[in-house]
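Each of the next two complexes has chain A plus one other chain: chain B in the first, chain C in the second.
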Partner chain A sequence: MWSQNKQLPYVLIAPASLFLAVFFLYPFLSVITQAFEHSSSDGYSLKNFQDVFSHWKFSISLENTLLLTAAVVPVQLALALLMATMVNGMTKGREFVLYIWTIPLGISDLAAGIIWLVIFEQTGFLNSLMMSLGLISQPTPLLTYQNPMMIFVAIALAEIWRATAIMLVILVAGIGLIPKEYYEAASVFGASRWQQFARVTLPLLRPSLQTALILRVILAFEVFAVVAALGGTLFPVLMGETYTYQFDLLNSGAAAAIALVILGLSIAFTLLILRVLRVPKGVSI
Partner chain B sequence: MDQVGATTKASRMVYLSSIVLLCLWILGPLYLLAVNALSSPEAINQFPMSLIPEFDLESLVFFMKFNGMVDALVNSIIVAVLTMIFSIGLGAPAGYALSRFDFIGKEFFRVMILMTRAFPLPLLALPLAVLFIETGLDDTQIGLSLIHTTLALPFAILITFSLFSGIPKELEEAAWTLGCTRFGAFRHVVLPLILPGITASAIFAFVISWNEVFASAVLTIQNRTLTAFLLQNLDTAPLHLKFAGGFILVIPALVFIFAVRKYLFAMWGISNR
Partner chain C sequence: MKLNQTIIALAIGCALSVSANAEVLFWSTQAKPAQETQAMRDQVLASSPSKVTYQANDGGPWLTRLQAELQAGSGEIGVLGALHGDFAAMNPDNLVDLDSLGLRAASATFNDLAKLGTNSKQYIPWMQASYVMAANKKALQYLPKGANVDALTYDQLIAWATNVKNATGSAKFGFPAGPKGLKHRFFQGYLYPSYTDGVVRTFASDKAVTAWEKFRELWAVTNPASTNYSFLQEQLLSEEVWIAFDHTSRLANAFNERPDDFIAFPAPAGPEGRGFMPVIAGVAIPKTAPDMAGAKAVVKHMLDPKTQLATLRATNFFPVVDVDLPGDLPPAVQAAGDAIAKMSGSPDANPGLLPAGLGSKGGDFNRIFVDSFERIVLANQDIRTVLNDQKAKLQAIMNETGAPCWAPDAPSKGACPVN
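Take a look at the complex of A and B:
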């Protein structure tokens, strides 16, 4: 009966396919052409890239984006792995703890930036705490250009706070797929908790680790609103520069050029993660 | 023997207190935001901060009265509801097709859907801004919701795919043999079973749109959404306005995660494979 109707599946996927063709494929192709079209000349050229690369802010925003990713993602990975293993052994209260740990999944990056602003602004809770500990005598502004390290720390903390949950959810789902028998066998042979983690969980979790890392790294390259809320223009990042070019400078060619840089980085790191964490052919749980 | 008991007891203590600590790590900053949002503007600028809110609604009232804020809130809701309708309306049939039929191109379609997640999707707002100006969709709620649907649709397809796969084909087949049409069987057998899951993925689509900042900021000028409005006013807005705005942004998140908590892991588990 299911195979009788040959057209039905195509009818059912047609609306979604058509939609993605118009709103994914088309803009994807035109962002590429836009990047190579410059207002000063006909035809395609690399002028937009030259404009963007020669601007002093580009290398800083590239550096900031990469540094932030390098600082945030490993911490998130470790934290998510820790949380996922902790919750795995839980019987009572598991659902409650998971609910709390996954709350940030629903919180926008802008809101997360504002939440950490509550702590880091001049009359905020961090200064209040330092004051009550007698470390400072009056509140000094923390997020200023004299204090780039503090801005970096605030943004990194906000990112770790907000976006660890997405890795956690993927890893918890992944650990749930590992058969309990493997752990039983491991403990029969006298494996310690750590050995079970290193020899059973980690290798079998590889597909989930792959997904979690790819998703997280791509999102890290897109960091924007958290930075806007905490660092403003003091901490330029790639996505913020794209926004500035598009919106403030009305230069969509240059905006598209940076967009392609972000896209290139995303693809490069996706391939790298796929390669480093490759799952051997024919292996499945 | 006693010593073994003591070490397991100690490690249990470490285990439990780390769980509590990690819960506080999530809840603490949220609490501090609530303290600020529920205090008067004077209290927010006062130093040092009190850890207990005044339960003064002045900041929130100020926020609601701020020029353009209510419009932005309404825009956010309209865009999110439209995104919800589009992504479920387009995504659920595709999810059903993936779960029930073997057809040529199925694997290609599935991989394409997975691939969309590997792209920085908000960037697609840049060329669409031009297209929208040409078609009159610029600065409209429907235009923005179409971009947000691009973000939410792949999730909607994968989630509904996994939900439909959880309902045995045999149930539908039984209904056919009892004289139901294909549509009747779907309507009376599958739909009631799938409805809670569909609701969960609809809420998911709502939140994706509600939280989105970049495309909203690029594509709207007059009809700003809440996130775009807050972003635009970050430099100039007083602190209590930002905090009240952040608070309003966060509330749906708490409700959302609670509502879909049962489906969260099933959703992500399936999209792994």
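Take a look at the complex of A and C:
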């Protein structure tokens, strides 16, 4: 009986481990080997990385990806914090508001991109609106190569609309875990709402902030479908280049190389976030 | 008891998958729009001697599954339907030699291309198309003086698009420069042959510089949203665009929905003639096909003149065998057919061929032209610098594949040189 109980946990995690090994670990390892194999030479080399880095679009797509992340994630963080505190303060209709706010989570990113394209394209809603307000005399194309700023703004808006909810959900759960006593104590000492937020909520929210930020930043590095729908080829990002290498150029080695670059970025930023938002030793929340 | 049930369920599952094998899986990159896929099933393949499941997919997923089956050494796919370029990117050893079927296209060139550099046919040409121009009839009044829409030059096209822009206040020439647009074919089969009488040899020539300068002029009167256009029929119908260049099947809906509003006409001509290029799709059998006889029967069925006509109605791709076209074809087919006939029959016709011998480097070859376009036209970089830069990459591709020149480039011994 004893021995059976000892083995039980391992038996229970075996299916999940096996699943991960077959569908995650194995493909992951084969992507790594692919990145170092090049058609022109035997054995392992850095040729794929050279090919990828020397293409004129690589630096542009790296820059775009980082810029987009830098523009989108802070806004999303602020919005998600604001929305989470608002939801938390509600007594009536809380569930309803949460449902509405999390609708974008259920929409695929390509669909989200297309929704925003319908707004921004030449025959789209924004043009019709500006025409009916008499701001323009006929529909003008907005998302064009002469207008890179507009494309950037459209993509950033779509991303903010689509993916703020994922942070919101994590933060709402995190705020719910903070004991009410802290707030009561704070108000006894006469802390203002802002002080309560900055001194109680934010520090105690650290673990949730960590999770939310890591998740969101990694997803931001993988942005693809929204960009493809709104920017086409005018706003190259790393993931789009990966797709091009894999499916247009049938060059799995180069695609794997960029995928590893994205992985490297994700790991670097994860470590950074873990470090910056670390919970001091011996403190439990 | 539980175990027994599981075994029974497994047995039923196996039986089902065996019976599913009796149908030939036709794995295709063509006729992807739902309507066309359905037409392929109902009108083209329903009369096939073996039962067929027709599935159409994008090139990427299409190849991924095919390669997985080839690597595994066994699979479900019976017949492949794809463009010449898709087959050219494959290892011919993975395709069954089809000479024994005795099937052939009317064009000797197509039959030759289908050998993929081997001695026997690796695929059978199945259907063909081309690229043409289309215009809203409202645009015709702005044609420059003395211009004949069936024999335009690039200069006249630029003048025409300029007139339209001046008259309407918006640029109404549309070009498929979107992510899925076929812009590279315009450069390879139309602009380069018309201006340089070549594609590879003349890639960085002075004539090529002129060609790109002309294209910049055209781009100045092109709808700037073109970088999002991949199927010009949409913009023709929404009237965002009045004059367009695209693949015949990507213009078809415009003609079929409003046949009286649009005309199709030949691509323009440059100093070296009226360059144009065919599109060929073929059918092949992977070596892992589970039911070889059934698959061969399907391939035979596809080349039957009756099937070829049904395919034309379903997909707007033209037959590759000699058939008499009936009079009641859809408007898009009639319009495109006329335009192609005028294009190939014009006195200054300069027909080119599809890139051949590039193997898996076909995508990289296209990228040379797409990159040149993005750098010269969108990023406004110096033409000479860009061409010299891209030339080295093009030469590397030609050397690596050893592909000899194809028309309109003069033939070469060994890899086609970039002069």
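By our rule, the second predicted complex is superposed on the first by the 281 of 285 C-alpha atoms of A that agree within 3 Å, B and C clash if a C-alpha of one lies under 4 Å from a C-alpha of the other, contacts with A are read in each partner's own complex, and residues count from 1 in each chain.
In the analysis below, contacts are C-beta pairs under 8 Å (C-beta built on N, C-alpha and C of every residue); 3 or more make two chains touch, one makes a residue touch a chain.
Because the structure is a prediction, the values reported are computed rather than measured.
On the shared subunit chain A, the superposed partners chain B and chain C overlap sterically. By the touch criterion defined above, A:121 reaches both chain B and chain C.
Shared-chain residue A:106: touches chain B; no touch with chain C.
When both complexes are overlaid on chain A, the residue A:248 reaches chain C alone and has no touch with chain B.
By the touch criterion stated above, A:91 is placed in contact with neither chain B nor chain C.
Of the two partner chains placed by the overlay, only chain B lies in contact with A:31; chain C stays clear of it.
By the document's definition of touching, of the two partners only chain C reaches A:56; chain B does not.
Contacts of A:228 after superposition on the shared chain: both chain B and chain C are touched.
Which of chain B and chain C touches more residues of chain A is settled by the count: it is B.
In the superposed pair of complexes, A:41 makes contact with neither chain B nor chain C. Within the three-chain superposition, the chain B stretch that clashes with chain C turns out to be 131-139, the only such case among 131-139, 149-157, 203-211 or 239-247.
Touched by chain B in one complex and by chain C in the other are residues 121, 123, 228, 232, 246-247 of chain A.
By the touch rule above, chain C contacts chain A in their complex via residues 58-60, 63, 89, 169-170, 177-179, 223-225, 227-228, 238, 240, 360, 363-364, 366-367, 371, 374-375, 378, 400. Those residues of chain A whose C-beta lies close enough to touch chain C in the complex are 40, 56-57, 121-123, 137-138, 140-141, 143-146, 228, 232-234, 246-251.
Interface residues of chain B facing chain A in the complex, by the touch rule stated above, are 15, 18-19, 22-23, 25-27, 29-30, 32-33, 35-36, 44-49, 51, 86, 89-91, 93-94, 96-98, 100-103, 106, 109, 112-113, 116-131, 146-147, 149-150, 153, 157, 169, 173, 176, 182, 207, 210-214, 217-218, 227, 230-231, 234-235, 239, 242-243, 245-246, 249-250, 252-254, 256-258, 261, 264-266, 268-269, 271-273. If you check the complex, the residues on chain A that touch chain B are 1-3, 5-6, 8-10, 12-13, 15-17, 19-20, 23-24, 26-28, 30-31, 34, 83, 86, 90, 95, 97-111, 114-119, 121, 123-125, 127-128, 131-132, 139, 161, 169-170, 172-174, 176-177, 207-208, 211, 214-215, 218, 221-222, 224-225, 228-229, 232, 239, 242-243, 246-247, 252, 255-256, 259, 262-263, 266-267, 270.
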